[in-house]
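Reading through the structure tokens given below for one structure.
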Amino acid sequence: MIGHGFMGAAHSQGWRVAPRFFDLPLEPEMTVVVGRNAATVEASARKWGWAESATDWREVIARDDIDVVDVVTPGNTHAEIAIAALEAGKHVLCEKPLANSVAEAEAMAAAATAAAARGIRSMVGFTYRRVPATTFARDLVAAGRIGEIRQVRAEYLQDWLMDPEGPMTWRLDKDLAGSGALGDIGAHAIDLTEYITGQRVTSVSGILETLVSERPLLGEGIGLSGTASAERGTVTVDDLALFTGRLESGALASFEATRFRTGRKNALRIEVSGSKGAIAFDLERLNELEFYDATLPETGLGFQRILVTEHDHPYLAPWWPTGHMLGYEHGFSHQVYDFVTAISEGTQPRPSFDDGLHVQRVLDAVERSSAAGSAWVRADD
Amino acid sequence: MIGHGFMGAAHSQGWRVAPRFFDLPLEPEMTVVVGRNAATVEASARKWGWAESATDWREVIARDDIDVVDVVTPGNTHAEIAIAALEAGKHVLCEKPLANSVAEAEAMAAAATAAAARGIRSMVGFTYRRVPATTFARDLVAAGRIGEIRQVRAEYLQDWLMDPEGPMTWRLDKDLAGSGALGDIGAHAIDLTEYITGQRVTSVSGILETLVSERPLLGEGIGLSGTASAERGTVTVDDLALFTGRLESGALASFEATRFRTGRKNALRIEVSGSKGAIAFDLERLNELEFYDATLPETGLGFQRILVTEHDHPYLAPWWPTGHMLGYEHGFSHQVYDFVTAISEGTQPRPSFDDGLHVQRVLDAVERSSAAGSAWVRADD
Amino acid sequence: MIGHGFMGAAHSQGWRVAPRFFDLPLEPEMTVVVGRNAATVEASARKWGWAESATDWREVIARDDIDVVDVVTPGNTHAEIAIAALEAGKHVLCEKPLANSVAEAEAMAAAATAAAARGIRSMVGFTYRRVPATTFARDLVAAGRIGEIRQVRAEYLQDWLMDPEGPMTWRLDKDLAGSGALGDIGAHAIDLTEYITGQRVTSVSGILETLVSERPLLGEGIGLSGTASAERGTVTVDDLALFTGRLESGALASFEATRFRTGRKNALRIEVSGSKGAIAFDLERLNELEFYDATLPETGLGFQRILVTEHDHPYLAPWWPTGHMLGYEHGFSHQVYDFVTAISEGTQPRPSFDDGLHVQRVLDAVERSSAAGSAWVRADD
Amino acid sequence: MIGHGFMGAAHSQGWRVAPRFFDLPLEPEMTVVVGRNAATVEASARKWGWAESATDWREVIARDDIDVVDVVTPGNTHAEIAIAALEAGKHVLCEKPLANSVAEAEAMAAAATAAAARGIRSMVGFTYRRVPATTFARDLVAAGRIGEIRQVRAEYLQDWLMDPEGPMTWRLDKDLAGSGALGDIGAHAIDLTEYITGQRVTSVSGILETLVSERPLLGEGIGLSGTASAERGTVTVDDLALFTGRLESGALASFEATRFRTGRKNALRIEVSGSKGAIAFDLERLNELEFYDATLPETGLGFQRILVTEHDHPYLAPWWPTGHMLGYEHGFSHQVYDFVTAISEGTQPRPSFDDGLHVQRVLDAVERSSAAGSAWVRADD
């Protein structure tokens, strides 16, 4: 595993727990975690149960006893590491968003295609596809239970940047983070929309907005911790992204990604309205799916709150009895299960790097639309 | 109409509005409202649109131009007025609870039976039967949609007595009010249970509790307004009633009536669990009914939030388009519609005085059970 | 009252009920209702309690015993009637949207200004401002409880056009209805946003979409009822409007108006996010307001579900005890109360025709933006 | 760990995961899991990551390299194993309910007291105390935020026995399971009430009911799996328990435990009403706590939905960022953290065997009350 921030903890939990619940065709070994600082990465290795730590990812990639590379570094390093790993013949799981630019993502997708020809697998880490309720939503849509899709609303609402005195961090610097709310959380809303509807966003019109443009620098400059200083840095990413996309079928989807929606902590929500029904999901209640069956008699119509905790629901069989809830990190176990199964079976896991590239194109199109006064911009070429 | 408190306003609204929306077979005329104080009852008449006011209900009952008497006085006067009105050949609508004692209620039921033989109709004002969602719940149960009833939970939760310095009023005096939370709101929970299930409560075990036993007297003694004085009066009714009842089918129903459930303002809730499904209702969201259909496939199970606002839902046809909400007082229009229709058609309106007598028996049985250390007491004889 | 469709019923209920609960400075008399068809308007008069009916609105406007004209006809006739009434010295209450075009609305606003100089009052019927919960939301915002406004989401979601075999009616014809979801329900979302935030929308970018472009004609052509025929008419209005607006303060507001949001019946929702808190409202639960106070300690943060049914909440004093719900038509009583009070006091009631004109400008700007590929269009000039 | 059913999986997850997130003073080693069948327990050991498996718990308890014994067997074996382990000087974590009878529980509590004198620790596994939201509820109550407790409602609602053709299993046999819904889930409701209020239940009145008294036997008799046979066994435990308890302060608490509440899957709910506020919790939404602060101004009153996912909420610091949800099994990690910390610090972990004995006394009192026609029975001696 390359990288050991918050995502490192989540991925480690996935690798650790998945084999204890799912019947994996291969038993993953948590061999080595890589970071730039020898002391802190060694601490992470010990904490998370990796056998070793290392500071040079190139050396690790060159090792014969490594079969899989899990990339959880910031987005600006994904391309270099993932491409090198694929070329070294390692299966690669890469955190989302795939890259910080379309060009990088294209190179990665090309490398993934080339690697696939040699039996090497790659996947992007959009784990919210693997919440049982979202997978079940996709299944209902695919089974025609909501009919033809008429419109979509997808939003990812947080409020952790509300305080204008909150510090300037790497996530607010375009060079490091690529974009702001758009790429960090909007990417999830786009991927989830494409996953559940089975359709891609082909063009977009939107606007990006930075609500707080200067923030206190931390003592040591841009970072994740430290004491705020009197100096101020310039926020170069968006705080809020509002955009409309057109899906392949022609239906419109309306998107919002924001870190300023006061009181909403982690509300990735999607509602898909169809000719025969609708589904609605909210990550703040991740064990529930709302389903509306418009084919029922008029007096019996209403959104159903389905607890997606039955053994026959997606991913649920090895977990707990009905009504016992899953949490955030279970998606990472499901990701490991799917990824390892695909490697073992020699199939292409999804979301592929191509899927990730497409999301990157949509993000890029939103930025271009915003720059062009919300003009419609194609996202599929 | 005899009486002109809060219920007088609600009943007046029913008489005024029902003919403007429903096709009534007869056009009600709001002739005269009766109260003890000539000035205040005259003000009420003017305010609520009654043609006249009067202070002597006996005189009014004797009038030839009066066909219907609507009794909205405190419970301790119901029996005398209603029986006199029935004997005078007037149709009687009487607010709940029917009376303050079983003996009074028996006399009233007997008078109602005698009057019915002469074509005179009588009805008790349990208006929460006439919220479209509760009527629809009854319809679903009657149609077998939840199968055999397994258990019931019914509760009526308020918190307006929370403040121990809230004044001593007539509602807290057993002589005037009959009982406390039990009779005032518990009676609704009992009636709604019997209405929706179609079964009567045959025996009960329970406990009554007074949480604040002394409260400041108002300047002029017990009343509805005025300044609290230093003197204290003794609360002689229950603040909280917890009891279990057995229905005719043998199923158990658990009840709670309380004025101390902090934060709950008017939560009359009922959940009926059956072998094929369940229904759940909360008066704080009175336009909604939750329905669970256990015959669906396991992965598709979940409570549906039905907006009971379709034209085909009970009572809804003359009101607004789908999704436009009704409020508290609409039940009083529905009551007028049902009562006038029954009078016109010569049928027995429900809940009858017999239904009201039965609720009175249950209330009485709860009081006796509480006095007997929660021993089971029959409610049906 | 000119007009006697669905809105006629609602307005009649307002005129009938308001004086029975509120202390009005003047007692309204329900004199005459006007419609084109003598028989049906006479039936409406009888049904709704108007003393007379008439078929020529010009004659009615000329009558000396008429002080107030209430216009509830389709939008394409508002300008002619309202201007004539104002010129005849009648106070005018006009249903929303003010008109079908900016030009008409401008003429109406000019007439209103001229009339105001002569003491004649005019008001537009955006009644959702007068739901106690929305008025209370405005009060909280005005009192600074949510701080500086950061962003707004406003949506009005219905699904009654879902069925593609639903008939072609006047509401789907641009000549008669002006626009589709945009003007019919989007106008409410705009007005409510401007009302609660106290800010106007200054520019917009958006898209209008017609999802079902042909529908069966009714036997007699375009109408509200009748049997669907084999012939098809062309829908010339939008089914779905998605747009972003910028408020005076610079904050962005995102809007959606749709008649294809499967399962949503009448969900006028607004969420206003501020630097100190947020408010959220949904018309499907109109007695509730969600309020988030970001100034509380972090562990105690959360949206509060406030039942807006206390006597000290807006408009609530004359109604029922705490926890007793209001419904859709109560807003019309509140409208009568405010309108009559303003007439009596000689003040300008709100929303004024100027307010209505501004909403019309926003609607127009959205149409122009949609036609211009979602380019930003100014709405304030 | 002795036992390897469903609880074995949950406890294993706790032992495995707790050290990876919490800073434990001691590093637990997952040494050996014990079961009766050598093959299946070996499979469990491999699956869950225990180093060894064994079939004789007495041998395991005698081993010097074992410091802690975790008992997750059925209730009828708890006493024998736990007492032996304590006498062998092992710290003991025992699943709830502590035992199948008061006598057994008394013996266990006595053994725990004796062991404590030698520095040996013991704890009962009521993990629902360790959901952050319930712990936070306890903290709010302890801090006086809801004032004096006025009444409590606690219920644990499931519906998995709804199908009368569901098979006869050991959980339905009184000899093996001790009791039905009462001991299995009602015990949680009792413990949670006592934990959050800080008060014990001193007496009870209640009724136990078996709704389906005969069920198909499985092929091999009573068991957890197999094919249902034509033969029927007699259900000897309750399906539904309804009881009222009095707390030490005199407040009443109303309880329900049921496996027939159609549509409710795992709804452990508690609402505590106090003189200054209230808290409400539902395990089906375990990351949320509802809190009502009655000291706010009347127009601002309402239940707050607090997402209990802040770093400063109980147990949350080592987990994920705000708004990222925990699931069912996190409570088992929290249990390991608390238990290991107490062992290390030499303090008494809670709930102690004495706490477990008290719950057992309440369960026993409910059974006796039910047998005595719901008479009040003391639970504290």
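Lettered A, B, C and D in written order, each chain numbered from 1.
Here is the rule we go by: a residue touches a chain if its C-beta (ideal position, glycine included) is under 8 Å from a C-beta of that chain, and two chains touch if they have at least 3 such contacts.
If you're wondering where the values come from, they're calculated on a predicted model, not measured in any experiment.
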{"item": "Selected interface, A-B versus A-D, where C-beta contact pairs are more numerous", "value": "A-D"}
{"item": "Chain whose Cα centroid lies at the greatest distance from that of chain C", "value": "D"}
{"item": "Between chain A and chain C, centroid-to-centroid distance (C-alpha), Å", "value": "41"}
{"item": "Computed distance of Cα centres, chain B from chain A, in Å", "value": "54"}
{"item": "Inter-chain centre distance, chain A versus chain D - centres from mean C-alpha coordinates, in Å", "value": "36"}
{"item": "Interface hub residues of chain C, defined as touching at least two other chains", "value": "301-303, 307"}
{"item": "Touch list for chain B against partner chain D, complex", "value": "146, 150-151, 153, 159, 162, 164, 205, 207, 209, 211, 240, 242, 244, 252, 254, 256, 258, 260-263, 271, 273-275, 277-278, 292, 294, 301-303, 373-376"}
{"item": "Touch list for chain C against partner chain D, complex", "value": "136, 291, 298-308, 310, 312-313"}
{"item": "Interface residues, chain B side, partner chain C - complex", "value": "6, 9-10, 12-13, 16-17, 20-21, 47-49, 158, 160, 265-267, 283-287, 307, 309, 320-330"}
